[in-house]
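Below are two complexes that have subunit A in common, paired first with subunit B and then with subunit C.
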Partner chain A sequence: MFKHLLKLIWNKKKQNFLLISEILFSFMVIFAVFTFGIYCWDNYKQPMGMEYENVLAVNFTNPVKTTNADSLRLFYETVKRNLKSLPEVDEVSYASVNIPFSESTINNSMDINGKNIRQINEFSGEDSYPGVVNLKMAEGRWYNKQDGLPGTRNMVINRALKEKAFGDVPVVGKFLGDPAKPSERFKIIGVIENIKFNGDYQSPALAIYKRMDTAGYKWVSNMLIKVRPSADAAFESRLYKTLANSLNNANVEIEHLANKRISINKMTLVPMIILSIVAGFLIINVALGLFGVLWYNINKRRGEIGLRRALGATGNGVSSQIVWEAMILATFSMIIGSFFAVQFPLLNVFDLPAMVYIIALLASVLFIYALVLVCSLYPGRQAAAIYPAVALHEE
Partner chain B sequence: MIRLQNIEKVYRTSTIETLALNSINLEVAKGEFLSIMGPSGCGKSTLLNIIGLLDAPTRGDISIGEQKTGHLGDRELAAFRNKKLGFIFQSYHLINDLQVVDNVELPLLYRSMSAKERKQLATEALEKVGLSNRINHFPTQLSGGQRQRVAIARAIVGRPEIILADEPTGNLDSAMGNEIMEILMDLNRNEGTTIVMVTHDENMAHKTHRLVRLFDGSQVS
Partner chain C sequence: MLRNYFKIAIAVLKRRKFFTFISLFGISFTLTILMVATAYIDKLVNDPYPDAKRDRSLYVNKLEQKMKDGRQSGPLSFYFLDHYAGSLKIPAKVAISSMSRATNTYVNNKKIVINYKYVNSDYWDVLEYDFVEGKPFSKQQIANGEHVTVISEDTKKEYFGETGSVVGKYIEADNVKYRINGVVKNVPVTAYQFFADIYLPYTVSKTDYKDKAYHGEYIAILLAKNEADVPAMRKEYEQMISKVPLPNKDITKMYSHANSYLVSYVNVGSEDTSGIAYVITAIGLFALLVMLLPTLNLVNINITRIMERSSEIGVRKAFGASSRTLVYQFIVENLILTLIGGLIGVLLTFIVIRVLNNAQLIDNLYLTINFTVLLYALAICVFFGLFSGVYPAWRMSKLNVVTALRQNN
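Now for the complex of A and B:
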């Protein structure tokens, strides 16, 4: 029977072309939605790699006009000391503009282990940085004062960069940068666990962490402050006053890192929700279209259905024939769709893990089969209810 | 072979009740070639559908062979039709998207049989009706007479004991009609197949063993 149905469908390929195209199109849309969704879910399951609760992100305009490094250091250390004197403040670190959950990025490329690696995020923080956001070391150590000694060129990287550049081997003591350019070479002193600094739904990107030195203070405009859980709005008011007094004539903005996380998560969630709604409407349209086409086909094939009943088909047999035909058509569509879908992992189009595409592909196949099954069950039952004596006399 | 007792068929709508068949008693012997005649709307096709178990009578009993059919369910009726009955229709009812051989194989699809066996039986049936050179054609590539011969091949491929033909020559010219009639008579004569044929054509009807006339749902001769 299966071969018979295949032959019947193949011989009607022109009539079935539109239906195959419709299923193919919805399969590709579902594949895109599922890929995006699975990618986000996969990232969501990964640990954040840092703590964002009770951390305040302060952005300020640099108030100091001097370019003297010692004066700058003295100024910012005084500001930091003033802040740490507040009983609710546990730790403070100046940081580069691309603090976690900000929309700012600083990207670089580097020669590491003979490979030119692009899109490396470059972060800067002080020795106290891990204490503020509770970074976890995977290997080696974070910076300390000794790393500020002249001639010291040390670097901390994240696990993602380590695995991309070196694989799964210990890397402390190894070097980053082109060996031919000693001024751009750094010794790895530590590896931190990945941080999802772009929010819960984004993958932890490649990253290097630089020690913020006196030269860095010239451009500094951000700090992270770890506060105690008891810190309330009154404290924030006092903090603002302290900062305003310390940073003369500077514009100061204080935000909770937890709120910044929610904001940046929305940047992923909103398009995902919009895409899901659009896909939902599309699926409803496809389902109605499929239902309509099957219904139309059955009405056109009443004579054939009556004939099959006369020749020995049961009502259930006719019903399952309709369902199987729809399933075979869906299979044709999905074979074509899968050809296009597998190009994404093969060509590494969006640099997503191949497993994300494979799971999305399987989920899309199951979804389309379920959709086609649901849409063909009722027309199938209607076909089974066709009275053969009536159908055979209609033509 | 076929026994109809007090068959009555009433079609009801919310406003009207139509008596299509009224107290039909009919016996068809094994190997008999029976024709049914009557004016349009007299119930010929309804009677054939009831004999073919495609429609159920409002009242009365039908027996085919030793089998009383009144209590059979959908599955048993389908299997019974498949094994015991062959159908030929005025408008052929071939599936235009299938080749001739696949059309002929159709009844065998509902039996447990290998594809090879099906193809062999279909080819033999087509040989019997003189269409072995057309097995890979599509119905639209054939003439009316050839299409009806394909329909006959489809009716006999499962070697049924009874063939029910509903105006098999109705859409054909007299030469083609005679050709089809010859095939049916051969089947009846050589294979012993019982045939019940509805026709409008007196000449064709007189070639059969017995003629039953209907008028307004009642048997008049």
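Now for the complex of A and C:
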């Protein structure tokens, strides 16, 4: 039977070629949307790795002119003590400019375990950092005072970097950096659970966490403050005054980490929504077109169908023939489409996990089959309703 | 002749309503998407408020310092722009302003986020802000370091509520009180080079504006006396940059350009990779993708329709119509169809834009359909009509008279 259907399709190859290319492009569009969607969903299911409720993010223009390490530290310690004297403040940590959900990034590359790994996010925080955002250690420990002693070269990394560089083995005590360059070599003292610092829908990127040092204090312009749930706008106004008075001559802005999370999520959601709406309309468009063309073909093939019925084909047989023809066309398109789609994981174009592509591919195949089925059912039923006597009489 | 084609086209459209609906749906929807996108881009890069003298302005918002193993790129310092760009001969005015930054203020225990921007006095001459009340602060006030400010309508509403004139009153921002000198109409945040809630004299900036580092947070607009001077002004700026001494020995080369608004607005990429080419490619790809599927669909439907009209074509051919006439007729018919679709698309665009403007997804961004956008729409329609008409018409002209006449169902 398939041989027969293939022959029928081959006989009208010109017209079918257009149909095939149309289904092919729809397939590619759907594949793109599904890949994006599944990637986001996959990330959304991962734990956040931190707490953002009741955390305030402060950024200020760096007010200190001195380069003396001791007076710098003294200045920032004083500011911190002033803040902690407020009853609603639980914990304070200075941080590098790339605080969670901030859109700023500091990237670096590093030689780890003999591999050159690129795109490593570099964060800096103080000993109190885990207390502020409640991050969890997967292994080892976070920094403490001893790590500030001269000559100590310790480093905390995240789970994603550990798995990329070393695989699933304990790594505390191992080293980061090129062994040939001792100045860039660090000992791993801890691994933290991944933090989705780019928002709910982005995958946790590779990261190292440094202890804030003198160079860090020189450029510092951000801090994170954990406050009690009772802290309200009146408190914030008091906090603002305290900050403005202690950071003399600085411009100060206070934001809520929870709000920053919402706005960075929009960076992923808005394109997703626009893409879905556009793709949705394109698909409706294609579905209507497909439906119209199939329907018209039935009317043109009344003679052929009448003859089939006269020779004993059942109504169901005829209608399933129409559906099968459409399905075979769709299969052709998707074989070609899959060839292109498979290149994405093979060439690793966007650095997404291969699993995402495979699920998206399967989902798109199912979606296109369902679409074609729906579009061909009604024309198929119409074909089944053709009376052989009437159809043949016309001829 | 054209009138006849028009009549035939309408008759054909009426015959198969379902196909007509599919064609019109595809065309009008595609056009709506492209037109909303065009209106948006047009708003971003062609909005005359507050930047009305764009024809004779050049924009400086980046300095790139190249080191042996890396580069540093960003806005410039006030000193650099004032000292070097300010000494150029051709520019009549040099407007210098800081990139806007946010701070908070608290009124009745309510938090207000305030974006502030430090400006010089030329800024008010180069840009034409609409003053709802009051006036800009003067050169003298800036020189004296007075705590004066110009605020936006939104800030006035948020800070003072619905009241009368606020000129002369005080607003507190960043723990400092400023006396209000004027209130200006809002600027959307997408015009990021001009957007701010409060504008302040650069002399009251908390960071040292006399600092001689080259990098900072300021950008500049160079205004020529007339349009003809713009290329010379660009050249003068380039020459000036090549003469600026390198700040230290790590830096091997420095780049900074006075660009047209569009190039400065895009402001991505670096000296080696052009940002504008990247953006145009991305927009082009998106437009192509959006148009490709409906076009294919239209071609498909057109072919179906032509086959349906084979007997008509057969008769006309038999009576001596040349293939060329038929192709011509069909393309004109198709253009009429796309133009009707385009008309519906324009109506839909009006509705979508009305909805978007009401939703205020971006504060103070009001999209409009203007002449430029309509012109683009027409171009898209014609492109659509030709593209989806040519192949079916060619197929039609190849029809054999005998077979065409025989199929009379």
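Keep this in mind: the second predicted complex is superposed on the first by the 393 of 395 C-alpha atoms of A that agree within 3 Å, B and C clash if a C-alpha of one lies under 4 Å from a C-alpha of the other, contacts with A are read in each partner's own complex, and residues count from 1 in each chain.
Keep in mind that, in the parts below, contacts are C-beta pairs under 8 Å (C-beta built on N, C-alpha and C of every residue); 3 or more make two chains touch, one makes a residue touch a chain.
All values derive from a computational prediction rather than experimental measurement.
In the superposition on chain A, A:Ala389 makes contact with subunit B only, not with subunit C.
Set against each other, subunit B and subunit C differ in how many residues of subunit A they touch, and the higher count belongs to C. Legend: residue contacts after superposition of the two complexes on their common chain; A:Ser237 is shown touching subunit C, with no touch to subunit B. Using the contact criterion defined above for the overlaid structures, shared-chain residue A:Ser21 touches subunit C, although it does not reach subunit B. When the two structures are aligned on the shared chain, A:Asn68 is found in touch with neither subunit B nor subunit C.
Using the contact criterion defined above for the overlaid structures, shared-chain residue A:Arg308 touches subunit B, although it does not reach subunit C. When the two complexes are overlaid on their common chain A, residue A:Val29 makes contact with subunit C while staying clear of subunit B.
Applying the stated contact rule after C-alpha superposition, one finds that A:Asn348 touches neither subunit B nor subunit C. Within the superposed three-chain model, A:Asn249 lies in touch with subunit C and out of touch with subunit B [touch as defined at top].
The residues of subunit A shared by its contacts with subunit B and with subunit C come to none at all.
Per the touch definition, subunit B reaches subunit A in the complex via residues 45-46, 49, 52, 54-55, 74-75, 78-79, 81-83, 87, 89, 91, 93, 95, 97-98, 102, 105-107, 109-111, 115, 154. If you check the complex, the residues on subunit C that touch subunit A are 18-19, 21-22, 25-26, 29-30, 33, 101-104, 106, 109-111, 113, 116, 174-175, 206-207, 289-290, 292-294, 296-297, 299-301, 303-304, 307-308, 395, 409.
Residues of subunit A that touch subunit C in their complex: 14-15, 18-19, 21-22, 25-26, 29, 61, 63, 232-234, 236-237, 240-241, 244-245, 249-254, 278, 281-282, 284-286, 288-289, 292-293, 295-296, 299-300, 302, 394. Interface residues of subunit A facing subunit B in the complex, by the touch rule stated above, are 1, 3-4, 7-8, 11-12, 303-304, 306-317, 387-389, 392-393, 395.
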